[in-house]
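Structures given as structure tokens follow.
Two complexes, one shared chain (chain A), two partners (chain B, chain C).
And now, the complex of A and B:
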């Protein structure tokens, strides 16, 4: 029999299940399926060159007449299901009807025999626009007198809740009242206040969004896509949009995908590709170009935060007041209300009096969607920076003020939730030690000045619904796990496989993963909010236990024992408490017998199927009667935490920043596969390093000026520190209800990077950045402003 | 539909085998590899040579196949990711990427592996800074490059220690 220790794969860095196929070029991404279709049509889209304009007329006659063009779609076509709702968040990939509300919005789409013909057809389309005033600055988009993002005569409310009293572009608001903030500020010994802004950025995963839609003879569609959530997002949305398609007529397959980071959480390309397939009764492919990825696929949402903190002399923070505005970009009837970003200002520190007014506003910029961290990197940018200001005023060090005020395990946060897992304290101490925060940097006479900084972060997990898993025990004794979770590269299917092997106490080589095909694999919602390890992981465990239970019963029947007397390990059944082998699992499966017909028992050739369904406990409403304060015992699910420390060099003459040394720590819960967790830390740090000091959308005349990978500057191997200067640690606090006490961790990593760098910049050159990214230009301006002030 | 009158003949070697192509001269190398030869391991992440996902080896040197027209590879030796391993036996660079967890979404991986091989082709003793210099045209959004750089170093050490020749 096997040694149980050898089949406990939790905490072991087992090789990724997909590594071989990816290293050899055998892995098939959606675009790699194109060559299977000899009659493929290609979709190309004409996009608005204007930030806001009325569509006076569209003439597609010349495009339609071009040989090789099969169909042309414009927003006013009556057979398309979204024409009354052209802008809402789930529909923003589709052609505009009355007016365009951002530069990059689809206007006309063509399906043609080749990409070249489709592109030529778009050049033949004539669109007459009437220019309208636009607003791309979120601060100008607020207020009752703001320029409206859509023309008022269209009477389209910005938020799904209808028109908001705060202004035409306000989508919604979330307000929280905890304790008595005014009184607390009166009692405070020190008060600090500042305004912060975090910018607009694109996830920039290397694989562009796209899909292939195969028309089926029953009138249905098979969608091969890199979009997220085969059941929960894509299939659900397609069924909602196309009433002629019923559940059995939509099959969605997600092959290997090249990253998402939140960008693909709404169906961007699938609805239009499905329409083209239904119209032409052919297979169509729709792939965004890199430029379209920047100008039409969603960015993060920028956040403006005005934050005020009050503390006692001993450093205890007693009052927090915040006004926060999320810029959701060009979307109408969106779900944003400020609650997502403001959660970052509620989940790390235990502050007894909190006053939160948060809003979301639309602007005439690329529509926004989740970007790894869900707007908390943008809001905690304010908190972590202002904490440094406060610490300086109190003459405390940045570690001490954070340790003193952070939420402790078992305490209740501002929402009224009890926190059940927080490993932040050890994360913070480790980064402070790692970069030796107590040892000042050596300075010299050159233009480079040196400094160190640390910061902390937390990120909520949203209870985002159901995950299911099927566990097949094949008659050869091997295990197959069927799940529909997204695999965007994080390695979750490898982690799920480790959980299944551990449950069965079986060699992991005998566990196979089958994933993300709505015709085969059971429901899952979508891979967001770091939920997959937790939600799908719990479902996999339940499915395994269900299958094991069936095996025990079948094995018990063989020898006349109750199933509770049977235990399963190494593909065999044993009697509990002894090492007596009852039967090999494979032998439980009997071949077909002509004289019994095998209508009972386990049949060779058909597997035992265990079923697992897991949902997080639902949120408790924070609105409506009795919830006027916006509080609730359950807003979110659990929290992941991270800390970051950096030693940086700042060039006083150019404003340039170099990261010399860094350390990142993650409270991941109990890590299932440490190497996979390390990969998330490394990738998160460098992605955050990018949006902290380099990459952002630049707008001029209402248009994005840098929609390509040379002007949109992403970190390369040259901007990232050498291995010896890149430190990291996994410092978990186990999550009681996580699978093997694990929780998600990939988002919190992002959050403290920017503020820690800002803190180091202040130490180096005495200026405090308030806007992110901290580009060389912006730092140089701060230096010049400081010099001008000193000269006065 | 396609006008083939202006097609050109291009003879080259792809993954060790002679190939004779009859293609439109405006085709990029990546499109011919993917669509004509079915070598879909070479990826497209942008169309202006910035992401590096389409990196191939051209006579042993890294080249971005999205920025080259097919006529430019006439009489040259192309290696794509499909031609790196020797049957089931992986190239040390591939094995090192697997062993170090340098692969996440995998979309940049073929280009990274080929750039890594090209770096060591030119300088079998490349140090970390030289490796970073050689990889800086390949973007990755998942790994932060940490384990990728480590993988190239490990491949270098294994190849130097074992005398395994880098024959690509």
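And now, the complex of A and C:
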């Protein structure tokens, strides 16, 4: 047994709790559960081939007649839960009713005895469409004269708040006024302005979205799914959509699952699978294909940003004006308003005068949803690039201008919100040192040119959603933590386990984790916004303290000491301030025998249960009286930060980019498990390399051209630098209200990667990319344009 | 596994001789497809692009995998796995280009099972093996109901996914004719990812020089820029008989880029492909000329 000094697991790289089951292939993912069901039905969906078309007629008679087909669903069926969905109905994957608004939208769904029969049935469905004009480019979707994404006669507002004056596709807007921007620009010595665009991408996790829904004898459903948020997302939405299902009739289980990076933050497969189970009274399985993952599950939201900065000669930025448009894809009554992305332009630098006009617009493309970074990688692309332009005009270096303007701990940002943790300065200095930004690259006569760049980033954390945790102390003295948070591979279960072991001062081998099952584990909202370590972590600590409190009370009663005289460590009760052991925790539980089984007190086999509920302080509204300027003292929760530096090679003949050396740093708050944080850094960096220079949706005739993994090019290990040139560091600023002063970090890693590469490209070949991803083709075009300009 | 899509077809045949195979193909007609490595066929069957009645495997006919060095050249069986071809020791000097082509196809896992004949008969315009075989002057040996015939590989393709093979015919082997002294051959695949990526373009070039260092023979083959892998006769004629210079090579590269007819797809636009032909023809010819001087 370890003594209590060895039971502080905070900041230690303890092996993951699921390392063995994953490394040996024993971990069970949701598809592994299909084998349990001999009578499983399979769902397949016919999808719109058109970006926008009116459904004239659907004939499913031949499909229904095919042996093995149990039921066929189309949008006009009355049991489809269409009415009053809280957000965009297009998200939920249910069949379209009057018209299809993107190529890939569900039109008809079939449940059949096998996948083959279901697919054959779909080929028998006849759909007559009347083609309608569509818009897939967000810049063309803005404005009062834009082609409407949904037909005007349907009178469906794009946004949640009804029709917007800015145009038929505008969903909403968020405007912020801080200081006097016009005056500040007048006083500025240097002004820079540019337009930027970040493209449309898919998270591309290996495990396709899917679920199994088991029909229950009481008319309820048991959902086994790789979706996120068993309570907060899936159960809550299913209860809203199907009024016949009441709270006790929906059980959601999330088995082992991998990353989804925001893609599953709205229930996409579960609503249709539930509908099929309710109709057929059988167990159904619905798994998206890879193509459907691209054409029918949400992408990120592309962002257009027009940014203008004004600075004094000494480099102090005094004015920021931004116009930002989020492309929300094909949404009906979506909640987007530009606020999420524009937050990235207000959280890193302390600029006294800010004018923000941000919007969201719908287009006839795959609906958009959160993607690691929540629009900040897309918006800060503009800020970080324009800062380099500004630095050059001021004859400052990119490091200096950033450090000079970076917001400091205790200062308030443009929202009027106080910053409580920021370690970005040391992150940025570390990457500058790491890639030796001051030493120029050696150039040669070949087509490859070399350059270095750095960039910084920040991202807000959501105050939304409480987390709960239960802590069981079993009569063998071991601890069990029950939480519903999404473990999507990031290792949060391991981090929470370290927190619990540290609270109990117990050998971590005696702490067990039980995960998301709404029948067993308490409420948690969702695994989003890098919130789990913070929100669920705080709940776990409260639950542990509650259980420890109960143990102290029981031990004190047993040995005749006051509760406050007892301390718990190593599974034993000690007298406070001494090493005098008074009782083993296991001995507090009385044997279960003829005389004790009906008595009060702790009994073998019935654990002590501690409860923890943690609610982040709620946001203060940024609208309504007193908030006409869009400002509020509490818009978000806390901020995570990251800096990135890269040395790249650019091929002048082909436009290809190679990353030769990189360094990423994370201000994660106090890291609970540094190895896991490093894993998040590495994974985030590689994802961001693809995001920045390779992968994106391509559209032709309103359809995605590359909905497969050969044409949707994700980076492989061959696109990353050698291990010795892949550097990372954790440089925390402790978060006062974080569990053991930790905060989340997984999203900010993404954000500075693209701009740092762009900065390196500029150093290498003298062109400044404004569109992301910076594909070889787009870089070559910039090179050719520059050559043409020089020739003039 | 229950959730995995199964392929549906009525019959699976595994003939052990070429004769038996031809007979089955003749009987099945257009309803049958040939299974070599399966790396294209199986995917298309699973995605229901192909709905077949019969699958005829060539995997039980050992002679289709044979590699034989004869006086008139090297014979490589159509069922030779790409991994084996990419390591074939008999492919020396100017034949090494065939190794390069085979080694450039997709991933190691795919190369372990995919075959040289399969990659060819799939007739993708961007097949990595084909430009190398074409500049090597490869001849496709075919057998069918009416007996054997041979076709110059560059005449084997009739369009994307289309070849001269009749329903009752199979590709048996490739013959690589012997190469002359002072011959250099180079294949370069241009793709965005380092591995497991389909070529944006592929360029093969073969140059034979005489004692004076003049070009006696030059072949250029381009993949991914036309409905089939294409030669560039105009650029070849332009270089023949000349002593190569950087300037001449650049001019030939421009001719090549003007000769091709690429399309825009998910890998690149036609403009980018055209520009890449110019860049990579230049690199390929420069390297091939250097090789030729060495050999």
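Going forward, the second predicted complex is superposed on the first by the 774 of 792 C-alpha atoms of A that agree within 3 Å, B and C clash if a C-alpha of one lies under 4 Å from a C-alpha of the other, contacts with A are read in each partner's own complex, and residues count from 1 in each chain.
The rule is short, and it goes like this: contacts are C-beta pairs under 8 Å (C-beta built on N, C-alpha and C of every residue); 3 or more make two chains touch, one makes a residue touch a chain.
Here the structure is a predicted model, which means the values were calculated and not measured.
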| item | value |
| --- | --- |
| First, second, both or neither for A:204, with chain B first and chain C second | first |
| Contacts of A:377 with chain B and chain C, given as first, second, both or neither | neither |
| Which superposed partner A:710 touches (first chain B, second chain C, both, neither) | both |
| First, second, both or neither for A:252, with chain B first and chain C second | neither |
| Residue contacts on chain A - larger count, chain B or chain C | B |
| Which superposed partner A:18 touches (first chain B, second chain C, both, neither) | first |
| Touching partner for A:285 - first (chain B), second (chain C), both, neither | second |
| Touching partner for A:35 - first (chain B), second (chain C), both, neither | both |
| Partner chain(s) touched by A:718 [first = chain B, second = chain C, both, neither] | both |
| Chain A residues contacted in one complex by chain B, in the other by chain C | 31, 34-35, 114, 710, 716, 718 |
| Contacting residues of chain C [partner chain A, same complex] | 1-3, 5-6, 8, 48, 190, 192-198, 264-269, 272, 275-276, 279 |
| List of chain A residues in touch with chain B within their complex | 13, 15-16, 18-20, 22-29, 31-32, 34-35, 67-68, 113-114, 117, 203-208, 256-259, 261, 289-290, 488-491, 675-676, 678-679, 681-687, 708-710, 714, 716-718, 720, 722-723, 726 |
| Chain C contact footprint on chain A (complex, rising order) | 31, 34-35, 40, 42, 114-116, 119, 123, 285, 287, 653-654, 656, 694, 698, 700, 705-706, 710-713, 715-716, 718-719, 775-777, 780 |
| Chain A contact footprint on chain B (complex, rising order) | 1-2, 34-35, 38-48, 50-51, 53, 80-82, 84-85, 90, 94-95, 97-99, 101, 103-110, 113, 128-129, 131-133, 135-150 |
